[in-house]
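First chain written, first letter: the chains are A, B, C, D, E and F, and each begins at residue 1.
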Amino acid sequence: MNLGSVKENINLEKRISITPDIVKKYLNLKLNVFLEKNYGQHVGIQDKDYEDAGAQILQSKEDVIKKSNITLQVDFPDENLFQYLNENSSLIGLFDPVKNKSVINKIIKKKVNIFSLELLPRITRAQSMDVLSSQANLAGYRAVIETIYKFNKAVPMMMTAAGTIPAAKILIVGAGVAGLQAIATAKRLGAIVSATDVRSVAKEQVESLGGKFLTVDSNERLEGEGGYAKEASEEFKIKQKELLKINIAKSDIVICTALIPGKKAPRIVTEDMIDVMKPGSIIYDLAVSQGGNCAYSESDKTVDKNGVKIIGERNILNKIPITASNLYSKNLFSFVNNLLNKDKDKININREDEIILKTLLDKEI
Amino acid sequence: MNLGSVKENINLEKRISITPDIVKKYLNLKLNVFLEKNYGQHVGIQDKDYEDAGAQILQSKEDVIKKSNITLQVDFPDENLFQYLNENSSLIGLFDPVKNKSVINKIIKKKVNIFSLELLPRITRAQSMDVLSSQANLAGYRAVIETIYKFNKAVPMMMTAAGTIPAAKILIVGAGVAGLQAIATAKRLGAIVSATDVRSVAKEQVESLGGKFLTVDSNERLEGEGGYAKEASEEFKIKQKELLKINIAKSDIVICTALIPGKKAPRIVTEDMIDVMKPGSIIYDLAVSQGGNCAYSESDKTVDKNGVKIIGERNILNKIPITASNLYSKNLFSFVNNLLNKDKDKININREDEIILKTLLDKEI
Amino acid sequence: MSANLLAIFYLISGVLFILALRGLSSPETSRRGNLFGVLGMVIAITVTFLSIGNFSTVFIYVLILLLLGGSIGALIAYKIPMTAMPELVAGFHSLVGLAAVFVAISAFLNPEAFNLGSPGDIKLSSLIEMSIGAAVGAITFSGSIIAFLKLRGIMSGSPIIFRGQHYINLLLGLSIIVLIFYLCTTQTDSFFWRIITISFLLGILLIIPIGGADMPVVISMLNSYSGWAAAGIGFTLENSALIITGALVGSSGAILSYIMCKGMNRSFFNVILGGFGGSTANKKDAEKKPVKSGNAEDAAFLMKNASSVIIVPGYGMAVAQAQHALREMVDTLKKNDIKISYAVHPVAGRMPGHMNVLLAEANVPYDEVFELDEINNDFSNTDVAFVIGANDVTNPVAKTDPQSPIYGMPILDVEKCKSVLFVKRSLSPGYAGIDNELFYRENTLMLFADAKKMTEDIIKSLNS
Amino acid sequence: MSANLLAIFYLISGVLFILALRGLSSPETSRRGNLFGVLGMVIAITVTFLSIGNFSTVFIYVLILLLLGGSIGALIAYKIPMTAMPELVAGFHSLVGLAAVFVAISAFLNPEAFNLGSPGDIKLSSLIEMSIGAAVGAITFSGSIIAFLKLRGIMSGSPIIFRGQHYINLLLGLSIIVLIFYLCTTQTDSFFWRIITISFLLGILLIIPIGGADMPVVISMLNSYSGWAAAGIGFTLENSALIITGALVGSSGAILSYIMCKGMNRSFFNVILGGFGGSTANKKDAEKKPVKSGNAEDAAFLMKNASSVIIVPGYGMAVAQAQHALREMVDTLKKNDIKISYAVHPVAGRMPGHMNVLLAEANVPYDEVFELDEINNDFSNTDVAFVIGANDVTNPVAKTDPQSPIYGMPILDVEKCKSVLFVKRSLSPGYAGIDNELFYRENTLMLFADAKKMTEDIIKSLNS
Amino acid sequence: MEIDPFIFRLSIFILSIFVGYYVVWSVTPSLHTPLMSVTNAISSVIIVGAIIAGLSGDIKSIFNLSNMFGFIAIFLAAINIFGGFLVTQRMLQMYKKKKKNK
Amino acid sequence: MEIDPFIFRLSIFILSIFVGYYVVWSVTPSLHTPLMSVTNAISSVIIVGAIIAGLSGDIKSIFNLSNMFGFIAIFLAAINIFGGFLVTQRMLQMYKKKKKNK
């Protein structure tokens, strides 16, 4: 069986789906690996590295896709390549099914099994394939690095002969995977970190990283299925707003990570909060591609409101493509491994398996 | 008495010499403070903030300089302003006397007392004025932030369901003020940090921050006066080279901070070392304006050698102008305070005072 | 053998017994301590024989009895599994108690042999002493039997409580005193026998309300009783070996039960009197599967004597912010030449890399931290796994039960270690909400406490 | 008063003495302990009077002597400054020693009064006992006098050593034994006096080679001797109060000196025999200015009883990487309701913000960390400054001596605290290379050790 | 002025109680189980009484009731002596093994 | 079969040694100085001997040499008793004061 991957549109997506390390693992499963020429060059991985690992480099995208029973991507391949997809072959990636219905339908029409890993159920067995976790984690880390880079002060407290530099105050909105890693990273750098979330278990988790939790005083239970959050009531939102207004005014950096699965991201940081922020403060809105947690935030833009920078990037992971790709490709490998039958010689679309059932987009949508 | 400061050339220098906090302190000494319009706007400090603190805003550079008995700058004011400098007034800043002999001579001719704070003796009493320390410290911090921002991997070790992200290895060359702060910052972020220096006391200091010290096996004593380093012998350099070659090859990030006062910075990271570095690695050369510790490094450029980025910036402190200015302005205040007589009503150029004697450029050079 | 020499030898054997107990103050000297005890016993027995001196045929019978009893004792000692230790000690106590009763009876029947007067005209002080000895011996006997039955599982371990229990016990106690008084004034046999009977009854009633969990305390208390009985007999027989040893055993047993109560955070008097207040807690315990729970000292002991320890941190360590204490504990262990590694499970904690953040904060060297694949084979060659606030990531159900929500997750095979220590606050499950069968394993010791608190306590024990 | 009742009262007073010592196991019970001691003494004296019973005029004299001695004792006890405690105890010992000698002499001169036979025909065992009592008493007396003189500064504190010292002592010791032997066989007076004379000499020779620093150990050892002397006399007088108390004091004193030696890391035997090895170290000490140096217990005690403590970290904390231990110590102190702040000097350490990095690593809350200006006024209202590895930043010479290299640097005014603890390894200077006069101040206690080690030890003491 | 030996015995008894009290406090908690078993073993000094009881009186009437009780007591105590010390030894051996492994 | 009282005294002596040994180990090091001073005070039970020595013998010959020694011993011991206990009390008072300050 053959497995392949073609170069992404590297202006939009710098991550790759197969790293040289993973090539070896596929070979161990007796899968041949085909890659497009210069597949990883943009992140410093040369074709030679792949060949050394045992992959075969083909000259064109078509060649790769034509040969492959399983095609691994981050984003869709170019639409004009769809024609080369083999019938009954599998296409695996992060395809954002809510937004890309029509494209997906086109592929389904080709009798291609398309799997979108955002849909992975959050069950323990799927943890090693959990792309959302692995990528959100890095996004949380990187969001802190991004803001600190843009911040025109030093973050840690330093008491020096020339006076004291106060520690920066960083507020994290949403303490999911990304939020927690952001807390950890900010803490490490010596910031004074606080965080808020709708889920009450988040308090303990935030404190387990040494952060301060801002509790919205409410007895609503907003834990949903699979550990995700539910949308909050109006009353809750008002209370949250009061709490945040005070705290955001004191913050130097705010990192927004709040999401509700399948819904638009909640709007949490509002205009009036931004008005009272100190000039030079920075807001990083990780939720921007799902609509944003923050007023004014725009994809791939840095908005300046009275000296407050509001940064939103669609794909922050392009900033640490190597690490992100390492984890992504391992997630894919675990998924493929689970997709194969016991003898690892053919794909086994076992609809009994929750993992396969939930990720497979087999009905036109 | 009047004290003034004009806007720097903000393309080259974003730091300022007087912050609103410090204005108040000067007023307490009964000094009037005059500033050029829009003095701190580029870092988010408005004229109103200064006026609230008690400073007087003047429309032009000339006005400020004409009024001032003491002029505080980071860099020289524009040469065409020299004519307005009052006789017997004082000009204080960071003027790099080694490089700027002719300019300085021009000013001396005007009977202006010019003080350059690089020349401050490293005595305990001068610690609060020690600009080199305060700025080097921030440079060390920021160099780490810069490289980590440019680094295409995550720095801290993370053992995750999608595999382990190894901790980045960061090597600091030169463990002076900047080097130590770089060590501390890198450690905080979870990197594996090692450092090297010629001074043997540096070992304990590096370890006191949790870093690993790479000891060059030699019994030369390279501690010079005031805690500075002396130039090393050839034998030492060869030994150092062997040691570093092994360690640099393993490093993801190298930060160079080695300096020898009054000499060109030692060349420590050589071409052959860079050759064996992994693509994606980054070298930050803080010594670039003194000639650089690293082969290929160029001021204000990022050089790419086989995927290894070598970054050199003349003025890294432009990246954290607020904090840098806070400390710089406090250093200046301590210096001015020491320059005044007991009643704080006139300048007292007391050549008995080592601090004044060493910093005053009164002989043409 | 002169009386003086005899007394000196008894003194020596008393001192040897003191040294025996003293030896147990540290594991190094403990075996020597036991030998002192044996020596003391040999001396005591030998000089007793020598003092009597009539090496007639009877002597042979005595010797046979001695050897017979000895062989049985030795057999039991070798055959019994180590886990049955508490009930064994309880069983042995009952023997001492009974022996004390018999000696008292013998003296009562034949006072001339002991220089205590003649039947019906026994010296007052001796009469008091021997009845106290007999009563305490009888309580020890029947109490120990109940403890034995409970521990052995023949009787239910749960406390048997009825109204007025304490009043009945009080009544029985008082009646023993009254009977002794009558015995002394009337010298009537029957009182003596009634004292013994009532004491047997009292022994039973004293122990039945005490729950299985408190049994070790009870055993130590019975130990103490048997000591007092021996001392009582010692006064009767004017034998200083018995007095010294009896007082020694009596007071040390009492203190030991007090110390154990303190260690378990239980009130000494509640335990000894049984059933006061503690009853409900015991009832709940009875329904659960048994776990072995230990304290900081046990953990310190196990790790100090290990040659390698693997630390398995989990979310609980993060919650307790125990990383610094953990690092310090490890430093202390390392000073004892114990090899330490940290095993970090990929999903330990609540965020990817959660453990790494905390371990780095505590300056744990990177080369001591291993991921699952690297270290999983090492557990089987490791003495102790110290699982601190982790739970799901060690749960073997992930390998065995396809129905389990964590089925298929790779786990850290901590159960392959010789001993597994689990530091957590309770038996509650972790994130996945499922029970962990490791808690109930033979080689597991639960350390119920906040992770930071427990780690600090372990450090204290390691240092003392 | 019957002999039995007397013996019982003596037993009671012995038990009270045991309880007195036991009371000192914690500061809370210590005062009660002392009262037990007083009570025991009152009982012992009273029953002794009662047992004699001849309330003649002589009795008045005795009472007067008692009150006279008592008043002198009380006066001394109230007048003496607390710092002179060690020499006071030494002085008191000499009295006990002398009293023992006198009692022995009295018994020797008038054995009938004690039922020991008649002069020239004293019971053998009594003779042995009383000569041992007299000899040990004499050694105690002269030894204590020497110790007193050394501590008082009347004699030089440095050890006096000469060749063959140990052989001479051995010889003297042997000759005492030989003399006792002759005394027993010949019952000649002169031997008795010689025993006492030689013992006086031996006492002097035993103590002169011991350096001033080891005096506390010696005092405790002399205490032990006085106990043995009392016990010896007790055997002579067949008095169980003396036997019990003497043995108690004798063994406890010996153990205490052993414990103190262990605490000071000195060999017990070297100290007791004097001059073995330790001499050179002592000589060097003598040249330095005196500093008060304490141990972890002292530090723990001071801080536990403070209401506020300011921590002053410096480069030494960083070198020792003591920040985590420090944080733990502070946590422990906080549990005792002690207010803690950290005072960070602008140039503490070797890089700007050095301390902040480490304190943040140990998760010290930011609002407990203060810069110099914020906290410098607080020192005067603070009980303890805990200076850990800092030096230059506390050196008052910066304010007073314009010649000093650090003149003009603002410093943390730690000396304004009631007590200042300095944790550092030695008296060596810091970065600036200058001596810190604070080390020699009255209210300073030096804690010489690695900062991490010391902090850990303090934690241990705080917890015990 | 003779003191009743009972007083002496009382003194001995009381002092022994103190010794017992202190000895146990100094035992490390991890050795509490062996401690229990060794004190149990020691408490079988009662055998001294049993021997006296068993062998007392006239040699001819040695099998009377009083002596029989003594004999049984000897037997019971003997079980305890051997069993107690041996089991303690076994327990302590465990502690030793662990040490040696190292 | 009478036991010599000496044997009993020996037993008492030895047991007391054990008690002394254990008691001291349980004293906290910070109380070592008061401990020293209280044992010193206690060791003045020698006064019991002194009183016997002083008041022994015939009332008429009470001022002979033997008794004189006894008298002096009483005086010396008395100093120690009062001085010792009072000084201990003073020391312990310090510990108390510190506590109260809090």
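Heads up, the rule we're going with is that a residue touches a chain if its C-beta (ideal position, glycine included) is under 8 Å from a C-beta of that chain, and two chains touch if they have at least 3 such contacts.
Since this is a predicted model, take the numbers as computed values, not measurements.
**Q** Give the fewest steps needed to get from chain C to chain F, where each step moves from one chain to a chain it touches.
**A** Between chain C and chain F, the shortest chain-hopping route counts 1.
**Q** Applying the document's contact definition, name the chain pair with more C-beta pairs in contact, B-C or D-F.
**A** D-F
**Q** If you average the Cα atoms per chain, which one ends up farthest from chain A?
**A** Most distant chain from chain A: F.
**Q** Could you figure out which pair among D-F, C-E or D-E mirrors the C-F interface, over half of its contact pairs being identical by residue number?
**A** Matching pair: D-E.
**Q** Taking each chain's centre as the mean of its CA atoms, how far is chain B from chain D in angstrom?
**A** Those two chain centres are 56 Å apart.
**Q** What whole-Å value do you get for the distance between chain B and chain F if each is reduced to the mean of its CA atoms?
**A** Taking the mean C-alpha position of each chain, the two centres sit 74 Å apart.
**Q** Averaging over Cα atoms per chain, report the distance between chain E and chain F in Å.
**A** About 35 Å separates the centre of chain E from that of chain F.
**Q** Determine the centre-to-centre distance between chain A and chain D, using the mean Cα coordinates as centres, and give it in whole Å.
**A** So the centroids are 68 Å from each other.
**Q** Going through chain D residue by residue, note those that touch at least 2 other chains and give them in order.
**A** Each of 14, 18, 240, 244, 321, 346-347, 352-353, 357, 360-361, 363 in chain D touches at least two other chains.
**Q** On chain E, where are the residues touching two or more other chains?
**A** 2-3, 5, 8-9, 11-12, 14-16, 18-19, 23, 25-26
**Q** Of all the residues in chain A, which ones touch at least 2 other chains?
**A** 127-128, 133-134, 137, 156, 158, 160-163, 165, 188, 190, 210
**Q** Kindly provide every pair of chains that touch.
**A** Those chain pairs which touch are A-B, A-C, A-D, B-C, B-D, C-D, C-E, C-F, D-E, D-F, E-F.
**Q** Can you tell me which positions in chain B touch chain A when the two form their complex?
**A** Residue positions touching the partner: 43-44, 127-128, 130, 133-134, 137-138, 141-142, 145-146, 148-149, 151-154, 156, 158, 160-163, 165, 185, 188-190, 279-280, 307, 319-323, 326-328, 330-331, 334.
**Q** Sort out for me which residues of chain A touch chain C in the complex.
**A** 123-125, 127-128, 133-134, 137, 177, 180-181, 184, 187-188, 204-205, 207-210
**Q** Note which residues of chain C are touching chain F in the complex, please.
**A** The touching residues are 3-4, 6-8, 11, 14-15, 18, 115, 240, 244.
**Q** Any idea which chain E residues touch chain D in the complex?
**A** The touching residues are 1-4, 7-8, 10-11, 14-15, 18.
**Q** Using the touch definition up top, name the residues of chain B that touch chain C in the complex.
**A** Counting only chain B, the residues touching chain C are 156-165, 167, 190, 192, 210.
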